[in-house]
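There are structures below to look over.
The same subunit A turns up in both complexes below, where it pairs with subunit B and then with subunit C.
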Partner chain A sequence: MTISFNDETFRDDYTFHNSPAAIRRFPFPFDQDSYMYSVNLEPHAGGREGTPFQKRFDVDEHYVAEMKDRAITLADDPLRCQSLPHMELAGWDFLELVMTSKAEDYPDLFTLNRDGDRWHWINRPLGIEQRFTFLDPTTLPCGPLEYITRQTQGDHALLDQRDDNLWMEAGMITSQADWSLDFDIGMNFYEWHAPVPRAHELGVFQRALKFLLALQQGAPSRRLNWTMTVNPRLDTSPENYHKWGPEKRTITPENVGSKQHLRVELQTLWRLPRSNAIAFPIRCYLLSLEDIVSQPKWGRRLHRVLRDLPDELAEYKGFAVNRPMIVDYLSRFDDGAPTSPGIFPD
Partner chain B sequence: MPRTAFTPSITSRPTYAPLRPHPAAPALMLADADGAEALMELAAADPALMARAHVIYIPAGAAHGPGLRALGSAMYHEAPSFAAATERFRKALTDARMGTQLYLAGTEGLIGQATAEALAAGLPADAIQAEHRGTIARRMQCVHCKGMTEDVTTDPFTCAHCGLVLFVRDHFSRRLGAFQGVCVDAETPGILPETQEIRA
Partner chain C sequence: MNALELRVAAVDPISPLVTRFRFEHPEGATLPPFSGGAHVVVEMPDDGILRRNAYSLISDPLDGRAYEIAVRREDTGRGGSRFMHHRVKAGDMLRVTRPINLFSLDLRARKHVLIGGGIGITPFLAQLAQLTRLQAPFELHYAARTRSEAAGLSLLPDMPQVHVHISDEGNRMDLGAILGHQPLGTHVYTCGPEGLIAAVDDTAARLGWPRGALHSEAFLAPPPGTPFAVTLASGRRIEVGPHESLLEALEAAEVPVDWSCRGGACGRCETRVAACHGRIEHNDHWLTDDEKAAQTKIMPCVSRFAGETLTLDL
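Entry: the complex of A and B
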């Protein structure tokens, strides 16, 4: 196989790490030295060679370990994967999209053979081989959404479209930045975004919804979002907040570089063909501050972004309490030089 | 008791418009405590409505029962609690004919649970009206243990199911009919903010 998969954990002893190549391909989210909310959608139609934007569903060195972490989370709390009854067809749509995309984009890792409705799926990194009948749920070990998302990095929400709105009515959510699928399932676009400060007043959600309602099949879109996480932890759910919350207060000037991680979400949006639902994969990438500053442009820029961020956003993104230590650490890597345009390292 | 005026809040928090009669449509009405007064005002606005109405009332200690019964609805039933009324309410939703309007009046806990039942039964959202009357106590789900608690009036609040001390958010799920409670001292165990009354 072309990718060497890391043996690593996202909890307890936190052996998660990024190789030098993974650092260089990290989707750094800031294209300038300041940040404010924006819709910032662009076509998800490939991208620079080797970046997470190149393939439809990025597979990287963390794939196998992330899927093990998901299985642990699901065993502890099966409510992290739910699908309201009318979303079954959308689940099949999504399964088809992922299987066909992965088999075409990574032929050495995944194979899909189709003979009418009789499909044969091979996932080499996870050692899975499955023959099943497309659209027949009795031929899979679990529902189609759960089946394919146990094999696909990132969280995945399926949105139904009706009444000129989008409704989150199915999902596999185990690496979320502090929101609950079990609580939010059944909500419309405005309701599930309700806790986000300031963005409503800025009109961000009205514009984004209008764009999404017009999303066309075969023309997926993408955007980056970000937050900060202490320790490389995927499961920062509200369900377990009382378990990971104390870790947020373990940052010191000595460990901030290795413990504090920038958490970036590569969000993509896909119109599905049979159900007309929208698939919303949210792929999470983690990079420690000390790995970030190994790219001088990123160290300088992140310092300026975090230093100047409005308090309300630092609070919402959950790192206000640690911001002084983070900014102090990063300031040592900001020599005041200008940064080059765009997100890629120099 | 007058209808409740709510302070501005986040967009998942429902607002409750006053009930307005939907003429010539079958009516299913569910109220608790002072919600009866909203139904009486509704009947006064369109006396013809009651002849097509099925009323379920949960007095919860209020004395409005005789007045509500006297409105002469086609069906009238009193129940001691929402739990006791649930099967009858579900049957009424199952039997509801095209165009049936659902009128809910009373506490947020009643409105939330009844709305969740009606949506699950397939009633369209725009066929459901609700008016808030009486206590502003909240129905809350603990996000950690998933336990539901009725009539929460203080913030923070100790979850009776799992014992965590919860901040009661404005974030509201119509599917669950509940507000979200999240551990308030997760980052600094034992350090708690002062307890306050929840405001409307």
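Entry: the complex of A and C
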């Protein structure tokens, strides 16, 4: 499959768009008509043909444009990519994981030739060709984590494991849902999850942490998470709240279908072999309400989920102010018919 | 389980009690890299019993050509090490899990001090290779009462950072001296008998070391004991033999239980207890003292039971 990459933007004029094929493969996160937190982890071991679950690192029509947007964000704020000194080995681990996975899964787009520690990497969509020595940072234009994540869609956190906890100590975070690596770096699992309402009482985090501490190499896991974003903006960081926060107030009954987007994160978790750290890629997918309701099952189900969601979750996920307008819009596409099981469109 | 089918490439006796096994991919493929301190679980089909024992990897983590383990023969154990010593020969195929690390180096350390006793030297052998590659400062101390008890001695490389302490030869290990003069930011790792781990912890505490700079691994084999029975939620009764672990008995009865380390450390096999009339012999390092006292959870990989009835939420 050769992918045709979109020429599009995620800021200013917002020319981002999804092709009909991209709409159909969107990872819709709700498998029933209601939502509550859960440790919804499953093995990341392939998935239905053509879906974002099929390959280890999904590459889609937004790849080139997303990497351009990342470069703009980094130029404005280099602290979006950081790595504490002891995490460099984990950075190499992650570079190896991405390069070997992409070269195997997309041989028409990426090639990796290895002769011992002398590696030769070709990234055709971005026009990159690089010869370097594995584990020698002086042979790359920047650190291994920054190098590979400038070429990989999604945000990427690297978590060190010690003292029966996980510590976020490296990452490339430019397309986040209102959190900041610069703020969270050095925090442990409970500290960086502190702002999440309700989940602590449900014991979700103890169970999730225990699962993660026992995560094994060669057996990655995945889950979906979601929130809502006005306009197809990748960089909804606290640092730039002054740019995107006011946009929440631009929603009207006339434009809600095109401006309001469901933001879905496909989160995967990988035990890294050399450092024993955990890689946590968070891939962001955006779909407008207009495009969602083109799949009748999704339109019906999203209406019911958002209508019945507890207030504090709507608040936490940042769309409480627009919820009445969103639910009103979606109600027009809910005929009351039952929805089929699972997340895929009918 | 996440296992690899590997060929035994070499079996080398390296002392009267310790044998080294080398595993390779049957088609010569590269094995996944690992980190120092990692172990694998080896599956041993032993006359209808599927034994699974965890062994630290002792080979170079970056050398993907082979995995190596060192097995000390335990004549009074449950039979896994005897199987390895007596039945496994070069050319055999065995299932081996991918590496799992519960005893990783803390890469924040400015210096690493490794302290081992007995067969507890094994996780440090791969860490030595890793530290050498990372060019990180380290020293290793290996202690035994006599040279003949020093099962891991012949596994140790000849390096200036490696120090051997044999009590009977008059150079007993002096933990105060070792821990008393380390630079700020040093981390210490201990592997071996419980007494050695406790002695390092006590000495470090006396010298004011921060808790977070101390790491240890007591690798537990499931201890044998008197037979007992457990009841499942379905009412089914499972008998556990004297040389069998509860986990092995459940597996033999085809009751699915998740597991990872099989040594009481990782928490993966934690099982809820629905009813308990008697005493659970908690042998694990996972449950807290309060949880152990409550008798509402059990780690089937290493723990046993004595009493009237134990009903598991399985």
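As a working rule, the second predicted complex is superposed on the first by the 345 of 346 C-alpha atoms of A that agree within 3 Å, B and C clash if a C-alpha of one lies under 4 Å from a C-alpha of the other, contacts with A are read in each partner's own complex, and residues count from 1 in each chain.
Criterion: a residue touches a chain if its C-beta (ideal position, glycine included) is under 8 Å from a C-beta of that chain, and two chains touch if they have at least 3 such contacts.
Quick caveat: nothing in here was measured; it's all calculated off a predicted structure.
Undergrad: Does subunit A have more residues touched by subunit B or by subunit C?
TA: B
Undergrad: Could you tell me if A:245 is touching subunit B, subunit C, both of them or neither one (first, second, both, neither)?
TA: After superposing on A, A:245 lies in contact with subunit B but is clear of subunit C.
Undergrad: Just checking: does A:213 make contact with subunit B only, subunit C only, both, or neither of them? Give me first, second, both or neither.
TA: Second partner only.
Undergrad: Determine, under the contact definition given at the top, whether A:10 touches first (subunit B), second (subunit C), both, or neither.
TA: neither
Undergrad: Looking at the overlay, does A:184 come into contact with subunit B only (first), subunit C only (second), both, or neither?
TA: Touch partner of A:184: subunit B, not subunit C.
Undergrad: Which partner does A:92 contact after superposing on A: first (subunit B), second (subunit C), both, neither?
TA: It touches nothing on subunit B or subunit C.
Undergrad: Where does A:276 make contact in the superposed view: on subunit B (first), on subunit C (second), on both, or on neither?
TA: second
Undergrad: Should A:321 be classified as contacting the first partner (subunit B), the second (subunit C), both, or neither?
TA: After superposition on chain A, A:321 lies in contact with subunit B alone.
Undergrad: Answer with first, second, both or neither: which of subunit B and subunit C does A:329 touch in the superposed model?
TA: It touches nothing on subunit B or subunit C.
Undergrad: For subunit A, give the residues common to its interface with subunit B and its interface with subunit C.
TA: Residues 163, which sit in both footprints.
Undergrad: In the complex of these two chains, what residues of subunit C are touching subunit A?
TA: 2, 32-35, 37-38, 61-62, 97-101, 104, 106-108, 134, 212, 260, 266-268
Undergrad: Can you name the residues of subunit B that touch subunit A in the complex?
TA: 10-13, 119, 125, 141, 143-144, 146, 164, 169-176, 180, 182-183, 186-189
Undergrad: For the complex, which residues does subunit A have touching subunit B?
TA: Those in contact with subunit B are residues 79, 163, 180, 182-187, 190-195, 200, 238-242, 245-246, 248-249, 321.
Undergrad: Under the definition above, what is the set of subunit A residues touching subunit C in their complex?
TA: On the subunit A side, the touching residues are 84, 86-87, 89, 160-163, 210, 213-214, 216-219, 273-276.
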